[in-house]
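Below, each structure is written out as structure tokens.
Next come two complexes, and both contain chain A; in the first it sits with chain B, in the second with chain C.
On to the complex of A and B.
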């Protein structure tokens, strides 16, 4: 059972990572910096609970703020460039963050062991959950409570004017400017919100793995972050969740029996999915069909 | 209200707009005509700030706006439509107007109200505008799914959503049939009644002659004539630009 709980935890954390990229992607920007914000969240939250002995929730709050502030600061120079140049700029930022943590050492003595990030060896003993007696089930429920909260927030944002403005910028920057939208401000706001969500995700990640190191936050993770919303579709937040379940649950865990052939099939299936559903697994058409299904049922039960 | 002073825009060696002076008086409809490639759309893009001037000044209500970004100009009351329609196709008709509520007055709303739900008056305004453009029954359709004529109307409606004082219409009649042009004619006149100043760029000569108070003619990036519709129509230089020297002789 713990295996499945663990898998559901992974899916939850990766959903947060995917949603952080989703926010930025709504404005039409492809950012590979999300893994960097995720890393910042992980290290900040880990240091707060381990070294400063903070409880988890305020630690996550601070990691969200730090990652969000970093995203905002990175947004100003990075969002002046577009398309491939932005991809290159954000990859560079992500790598800079990773290499920072590769070199970053800050440890304190606690009894006969030293705690805290230790450069290339990583940050071990982030033992908040076991020390406070959380079971795997508790952790899973906590993660999903956070995921549900973030998803509800984004769902609500989507229906607001802010959501419409994000999509307008994503669709046609020139038209958006010409209708009076300050596109730089909109893109930086989206980047900041994305940073906040990645920071929370990273903070949770650090605590359930108990051991983080720089290699976990490389380009591969950044690619996953952006792949989820692209594969899932941008029409709403459930697309990203569906894509995470598809990739983490089915492609990575479900195909484990195939051994080394798995990776080959993994790439092939993503290409296939993108070809069959070019606007994402859960596109506007699929949503409409679901809505009809739901509403026609309701009418029938009314009658 | 709007004053272009010796405005030039060069793209490399091409002088798309070359030392044009143009004045749009408050409450007036100024028609801007000229053969293809004469620089009409470039002038609209310069007034909106989509690209920087090579030289000259753009003065709006007494202030030089040449260095302001496009969105700031909309807030000051300058809105436009596009020659090739540029709606937000994945947003609904209603949302297209919603995102465009960016006048200085609309910006003063409570921050949360403005970005989340929108005030009742803002919502009613959208409904009224849709009614005026005969689009109320399409409010929840995706803009990308509308017919061509409806898309043109929606673009016009979106431009009005920011409550402009100056409206730049870039070939609003392109691709419209006679009946639609007739309705457009009526709507442009209505704009003037409501106190909106209009700069109308149009190929459809009848429409321009019918609604414009004054007409300016461009050719090869330069202004070659300006005056009342009748005077412009009779001007030999204009005839030459449109029809060639033989016909003018």
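On to the complex of A and C.
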């Protein structure tokens, strides 16, 4: 049973990561910096609970703030460029963060062991959950409570005026600008919200794996982060969740019996999905069909 | 002072491999306006083909070089057919994600063929050096530099002096208009993609021959270095790709010398970030042009 709980935990944390990229993607920006914000969240939350002995929730709050502030600070220069330039600029930022933690050592003596991040060896012994007697089930429920909160928040944001503004910028910047929207402010806000979500996700990630090191936060993780919302579709937050379940649950865990051949099929299936549904699994059309299925009302024009 | 110049020379030499990688990248990006994350992994496939021939059949450097270039071109065509040709205009992000998926596929394919982490690769000129006064230059590095300059010239001539180059430039300017005047856009794109991957193959062969080993990690390394060098030099600019590569090499060797190897990549990324923000078009680039995140029209 613990295996499935573990899998559901992974899906939860990756959903947070995907949602952080989703926020930025809504404004039409492809950011590969999300793994960097995730790493910042992981290290900050880990250091707070291990070295400063904070409880988990305030530590996650601080990691969210730090990651969000970083995202805001990076957003100002980075969002001056867009498209491929932004992709590369955010790769550069994400890798710079990763390499910073590769060189970052801050340890304290605790009894006969030393605690804290130790450069290339990583940050071991983030043992908040076992020390406080959390079972795997408790951890899973906690993660999903956070995921549900974030998804509800984004769902609400999506349906509010702010969501309309984000989409307007994503669909056509020029048109959005001409209606008086400050596109720089909108993009930076989206980046900041994305950073906050990634920071929370990273903080949780550090605690359930108990050991983090810089290689976990590389370009591959950043590409996964951006692949979830693109594969799932941007029409709402459930697309990202669906894509995470598809990739982590089915393609990675479900196909594990295929051994070394798994990644070959993995690649093929994603290419197939993107060919058949270039706007994502849950695009506007699919949402409309689902709506018709569950609410046999007349079709609404805003779907 | 001698150290400074020696470092600069080493940087130029190492940078010529980045320049070669950027050259292929810039052809793909210039023609497609899309990001091919599988560029490096395609080259790695070529490298593995060369290694297999070397290990099992004792092939010489020339045969291995041919195999690397051919393998990279074939892998490139495979990527183009799956990730780029079927995607409609405006679905550039879907192409990027697909090429990421193919990257994982190619990496796994390489591991299936040769499961150990590293394999030997035939050297070109076993670490032999030339001396110019107090300075040293490795012969295989020199070959790399000459190849980079030669191939850049060849690409530039092809683009600006041949009919095929004219067709490509027409597509770069406006794909629909190019189609309307009778250019076979899909075929030209496939050819450009194959040629770009083959250029990457040349780069891959030279780098692997200097390193004398091949690992599955080579794919990611090649994609990142090529991408960075291309961005520094300027999108779609042939001289820019080479100069960007050389500059990246020089920055890397100097930061390694003054701050230590663990800070080399960190500094390279910080410089890249600053560069992109301060001068988004790169050194030789034009104004930023429409590319992968142009809004998708339903």
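We take it that the second predicted complex is superposed on the first by the 296 of 303 C-alpha atoms of A that agree within 3 Å, B and C clash if a C-alpha of one lies under 4 Å from a C-alpha of the other, contacts with A are read in each partner's own complex, and residues count from 1 in each chain.
Keep in mind that, in the parts below, a contact is a pair of C-beta atoms (placed from the backbone, for glycine too) under 8 Å apart; a residue touches a chain by one contact, two chains touch by 3 or more.
All values reported here derive from a predicted model rather than from experimental measurement.
Novice: For A:267 in the superposed arrangement: first (chain B), second (chain C), both or neither?
Specialist: The answer is second: A:267 touches chain C but not chain B.
Novice: Go through the superposed model and pick first if A:18 touches only chain B, second if only chain C, both, or neither.
Specialist: Neither: A:18 stays clear of chain B and chain C.
Novice: More residues of chain A are touched by which partner: chain B or chain C?
Specialist: Touching more of chain A: C.
Novice: Scan A:180 for contacts with chain B and chain C and give back first, second, both or neither.
Specialist: first
Novice: Name the contact category of A:87: first (chain B only), second (chain C only), both, or neither.
Specialist: second
Novice: Examine A:172 and indicate which partner it touches, taking first as chain B and second as chain C; both and neither are also allowed.
Specialist: Both partners, chain B and chain C.
Novice: When the two structures are overlaid on chain A, which partner does A:195 contact: first (chain B), second (chain C), both, or neither?
Specialist: Touch status of A:195: no partner.
Novice: Check whether A:278 is in contact with chain B, with chain C, with both or with neither, and answer first, second, both or neither.
Specialist: After superposing on A, A:278 lies in contact with chain C but is clear of chain B.
Novice: Which chain A residues contact chain B in one complex and chain C in the other?
Specialist: Residues 171-172, 284 of chain A touch both chain B and chain C.
Novice: Given the complex with chain A, which residues does chain B contribute to the contact?
Specialist: Per the stated touch rule, the residues are 48, 50, 69-71, 74-75, 79-80, 82, 86-91, 95, 98-100, 102-103, 114-118, 142, 158-159, 161-162.
Novice: Enumerate the contact residues on chain C facing chain A in the complex.
Specialist: Listed in rising order, the residues of chain C that touch chain A are 29, 35, 37, 82-83, 86-88, 91, 93-98, 100-109, 111-112, 220, 224, 227-228, 231, 235, 262-263, 265-266, 269-270, 272-273, 276-277, 280, 288, 290-296, 298.
Novice: Can you list the chain A residues touching chain C in their complex?
Specialist: 28-30, 77-78, 80-89, 91-93, 95-96, 99-100, 102-103, 120, 170-173, 219-220, 223, 226-227, 230-231, 260-264, 266-271, 274-275, 278-279, 284
Novice: Considering the complex alone, what residue numbers of chain A touch chain B?
Specialist: 160-162, 164-165, 167-168, 171-172, 174-183, 284
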